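Common to both upcoming complexes is chain A, partnered first by chain B, then by chain C.
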Partner chain A sequence: MILKLEDHFWVDNMDIINAIVLLLNYIFVPALSYGSQLALGAIFVSLIYGILRFAYFTAGDLMSFGTMFTILFTWYFQSLGISLGILPTALIAIPFGIVITIFYVLVKDKLVFSYYRFKKSPPVMLAMVSIGTMFVTQAIVRIVIGPFDRRFFDGEKFILKANEFKEMTGLNEGLTIKSTQVITLLVTIVVVSVLFWFLNKTKTGKSMRAYSDNEDLALLSGIDPKKVVMITWVIAAILATIGGTLYGLDKSFKPFTYFNNMLPIFAAAIVGGIGNPFGAFLGGYVIAFSEILITYAYKKFFIYLLPESIEPDSLLQLLSTDYKFAVSFSILVVVLLFRPSGIFKGKVL
Partner chain B sequence: MFFFSGENMTGGYGGADIISSCTITVNRGEIVAILGPNGAGKSTAMKAMLGLLNLKSGKVSINGKDISKLTPQDRVKEGISFVPQTRNVFTGLSVKENLEMGAFLREEHIEEIINEIYELFPVLKEKSSQIVGELSGGQRQQVALGRALMTKPTVLMLDEPTAGVSPIVMDELFDHILKVKKTNVAIIMVEQNAKQALSIADRGYVLVTGENKFSGTGKELLNDPEVRRSFLGG
Partner chain C sequence: MRQNLDVIIAYIIMLGLITLVGIFQSWSIALSILCFCLISAVMTMGANIQWGYAGLINFGIMGYTALGGLAAVLVSVPPVKEAWQVGGLNMILSVLLIAFMVFSVRFIIKNYKKTKKRNYGIALVIIIGLILLRLISGPAIESIEAVNPATTGFLGGMGLPIMFSWIVGAFFAGGLAYIIGKIALGLRADYLAIATLLISEIVIAVIKHEDWLSRGVKNVIGLKRPVPYEIDLQAKEWFINLVAKFNQGTLSLVTDTLEKEQLLKQLVIEGSTVFVKLCFAGLFTIVVIILLIITQKALYSPWGRMMRAIRDNEEAANAMGKNVVKQHLLIFVLGSAIVGIAGAMMVTYDGLFTPGSYRPMRYTFLIWVMVIVGGSGNNFGAVLGGFAVWFLWIEAAPIALFLINFFTSGLDEANALRLHLIDSIPYFRFLMMGIGLLLIMRYRPKGILPEKIRHV
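Showing the complex of A and B:
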């Protein structure tokens, strides 16, 4: 009798652990890396909004532009036989992609945006202009690399495979950790730390925050607006290329997907309080977790936790993954309606 | 010959002239008050002297040098510092960062000057790492003054430095302004608190519809029956 009872409890505990591993595997780990990729995009959108004062609709396609050049360099290095062993070759191609993207945004600013800045055009007009540059950027990407889905990952794919995890732990559920997920997280931590160190501790970084805070007073204090604008673009190009490449390594590179990612990126920036880069960073995770939590099918999770008699037959999915953009969109609308300055305080749109 | 002067300034914001033939002068170590009703063009006259406004005619000069054609940024480099009436601090930055931004063009001795400012305004030292947006109105005005002083200006223009503060804080701020004057700075200030302003000012101008209506020493203006009747409330 007693033995049987103990046996019963033991099985229950295993079920709970299995259920937790299930969530880790399908929600936590993917949302953490997807959130980092969104965060990198949202930070530069927020920065551009704070300093140049307009919504930069080219964001998604700038990420695709930077990623494309990183891919071209990756192919070039592969053709030369250069590789990083277990790490993806793209990591050494990123700096080259960044340089070209910086060049591209600076030329774009000189040829297009500076004209409207000089004319002191209203923010809406600049946003419209950035839709124009979005189409141009899209066209460039399609002409150079085409609209197709491409994988450019090489190296060791997994850090932890589901089977290995099952053998190690004896659990039913496997936990998979892809190397791209760990790379994403590590690179994001480094990039974001350096960026916030720059913004908060260096004279140039502080002058950018001052300019974003109060442009007129910044000018009276002798802060050079040209330099501030240029550095903003450079940071945007760096973040766009890195964020885009990490996303492409983790999933795949398809220009249209990058264009679509603009919605969650803007949602993240606005949730974080647009103009507030740190809020945007957190916003990236808010959006990624919401999206994945809401589109995940919880059936298996409840099968582990509930007694057999009341186990669910439906998928228990709040929203099909086809509609994942509806999540960002809803969050966007709700934030704009009820807290337009964002959860983490930014400028009011 | 005055150290800093705007002579016969005429101009506006693109439409009708807001100031016409307006003249304001100041010497080093002197406080000059600009008084007048709301909308008289007091702020506009100050902006004109800083170059934030295109003048149709008139001349602005500092230390004998004509600076009428210089941009505001270049006038700042000539030693003129300005505290605007509104939005005169970086609200999202800390007190210390505000001061640092004031000294943006300076390469060295920044810490030294910050310490001098802290001596002048002890409360800023106490709150040095606090975000300015969280300070009281009077403390903010001190940050604004401190930021403007970071360039070690020879001319300081203050647009309503005591706006919205209590009488006690106002007296404190005036004390600070007198201390700044003793460091041989030329000070022009626009004030709504006319009596108090004239009592610390060496000279004053009363502007009405953009023109000099009265001018004289602080005492003269305080005792002028017409000025008293129309601007000082009896």
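Showing the complex of A and C:
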């Protein structure tokens, strides 16, 4: 009798662990990596909004531009026989992609944006101009590499496979961790900490924050606006290339998807309080987690947790996965309605 | 007359270009370009009313276009009786439930003070409502979509002539704009742009995935036309006589009767497509002219002056006692309704509704390029922008091919770069649009035909 009771207890515990692993596998891990990719995009959109003061509609396409050059360099290195072993070759190609993207944004700024900045055009005008550059960037990407789906991942694909995990722990549910997910997370942590160190501790970073807070006061105290603008673009190019490449490694590279990613990126930037990079960083995770949490079917999860008699029949899905994008946009609309300055207001930049 | 000279010249050049396409490519291509130019012109007028008259940025044009298209389906397709039998009642109940939810939330907001309790109450109403909605509509949707899924699988429409949908589309789009306007119009200009862009994505997601309503990505094909079909025309006596009369010159050159008959048959087939497109172009021209008259009248009415005052200085207009919020909402609804008409016109012309094809690049940003290029605040400019940009959008490929051949003429026929460039010709249109937009914004920021303020 006692034995049986213990047995029963054990099963229940296993069920709880199974349920947690299930959520980890299908919600937490994917949302964390997707959120990091969005966060990198959202930070630079937010920075541009704070310092250059306009909505940068080229965001998604700038990411695809940087990624495209990373891919081209990856192919080149692969043809030379250079590789990183178990790591993807793209990691050594990223710096080269970044350099070209920096060059591109600086030329674009010189040719296009600086004129309107000089004329002090309203932000709406600059947003329109960024739509013009969006068309151009999109054309360049499609002309150079074509509109097709491309995978450029090489190296070891999985760090932890579902089967291995099952064998290791004896659970029913497997946990899969792709190496791209870990790379995404590590790279994001490094990049974001360096960025916030730069913004908060260095003189240039502080001058950028001052410029964003109050342009006239910053100019009066001798901050060079040209330098601030240039550094903003450089940061934007770096973040765009890294974020885009990570997304492409994790999923695949397709110019149209990148263009569409502009929408959740904007949602993340606004939810986090636009002009506030740290808010944007968190906003990326808010968007990613809510997209996946709301469209996940919880049937299996509750089967583990609930006793057999009240197990659910339906999928227990709040919304079908078709509405993935719609979820993040609805969150955005709700946030705009109730807290127009974003969830993480705090101080601007 | 003299002050409108630039307008007249611009329009003559535009029509001349289309005629050139007719002469050098084919009349069928020229006429379909013309039809789409007219549709784009209607969309551009809608956006121009919002941007040019009132300074509101609406990046949700795609959503209203799609709603207009949905209206065309819901009006013209005959109702699917079986689907109504299995799920109609439940769907009507669901609609009533949604209405009830909306009204009860409104009731709570109006009658109770702003407290935490009130917010919980609203949340409770919404959550219970959603669960009920799921329970009522879920099985109904399943059974509706199970009715003959290869051909119908949706509720169908009302089986009315498709022309009605142009008005219904306007109401649909206007209704959506009312809701969006209530939510988002208080936002700053660039926030409004992003919010409307995202909301239009939500609209597309709903149309794409609610199969019981619109068949979703399975598309609705074979919509009825307001103009005759080619096949019917080819059998009509009067039409054959007409074609024969038009082509007397070519026909008289052929002496052999059999050959003559063959040639005539060929000409009738060609003529029938041209005739159908001419009918469409005529219908669309009527719409464009009616809208132009209305918008011009509105622009120079006291109301138009008030709108410009609000656009140029919101605070001053407010201080003069003009209700800025109300006028913004009104113009947002009106402009969107016009876009809805264009959406319905487009589906009418295509004869099919493909929710998967609505993409922001084509239906939102391109329209904005049209507005900026044509001249914001000037209706004739907006129409011209629609014409010019659409013309370039279609003719970009031949132009790009010509340019590539010209610049790579020194290279070998099978040169890899040349072949690659020729492969990517379709994407040069993006490049041209972008560069065109940037040039116009830099050197002629008011557009080809700038706004004219008439001082009385």
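Simple rule for what comes next: the second predicted complex is superposed on the first by the 345 of 349 C-alpha atoms of A that agree within 3 Å, B and C clash if a C-alpha of one lies under 4 Å from a C-alpha of the other, contacts with A are read in each partner's own complex, and residues count from 1 in each chain.
The rule is short, and it goes like this: a contact is a pair of C-beta atoms (placed from the backbone, for glycine too) under 8 Å apart; a residue touches a chain by one contact, two chains touch by 3 or more.
It should be emphasised that the depicted structure is a prediction, and the values quoted were computed from it without experimental measurement.
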{"item": "Touched partner set for A:210, first chain B, second chain C, both or neither", "value": "first"}
{"item": "Chain B or chain C, by number of chain A residues touched", "value": "C"}
{"item": "Chain B versus chain C as contact partner of A:286, first or second or both or neither", "value": "neither"}
{"item": "Which of chain B and chain C A:39 touches, first, second, both or neither", "value": "neither"}
{"item": "Partner chain(s) touched by A:242 [first = chain B, second = chain C, both, neither]", "value": "neither"}
{"item": "Touching partner for A:218 - first (chain B), second (chain C), both, neither", "value": "first"}
{"item": "Touching partner for A:29 - first (chain B), second (chain C), both, neither", "value": "neither"}
{"item": "First, second, both or neither for A:195, with chain B first and chain C second", "value": "neither"}
{"item": "Partner chain(s) touched by A:129 [first = chain B, second = chain C, both, neither]", "value": "second"}
{"item": "Parts of chain A lying in touch with chain B, wherever the complex brings them together", "value": "203, 206-207, 209-210, 212-214, 216-223"}
{"item": "In the complex, chain A residues that touch chain C", "value": "54-55, 112, 115, 122-125, 127-129, 131-140, 142-143, 146-147, 259, 263, 266-267, 270, 274, 320, 322-323, 325-326, 329-330, 332-333, 336-337, 340"}
{"item": "Touching residues on chain B, where the partner in the complex is chain A", "value": "50, 72-73, 76-77, 82, 84, 87-93, 97, 100-102, 104-105, 147, 151"}
{"item": "Residue ranges of chain C touching chain A (in the complex, touch as defined)", "value": "57, 183-184, 186-187, 189-191, 193-195, 197-199, 201-202, 205-206, 208-209, 361, 365, 368-369, 372, 421, 423-424, 427-431, 433-435, 437-438, 441-442, 445"}
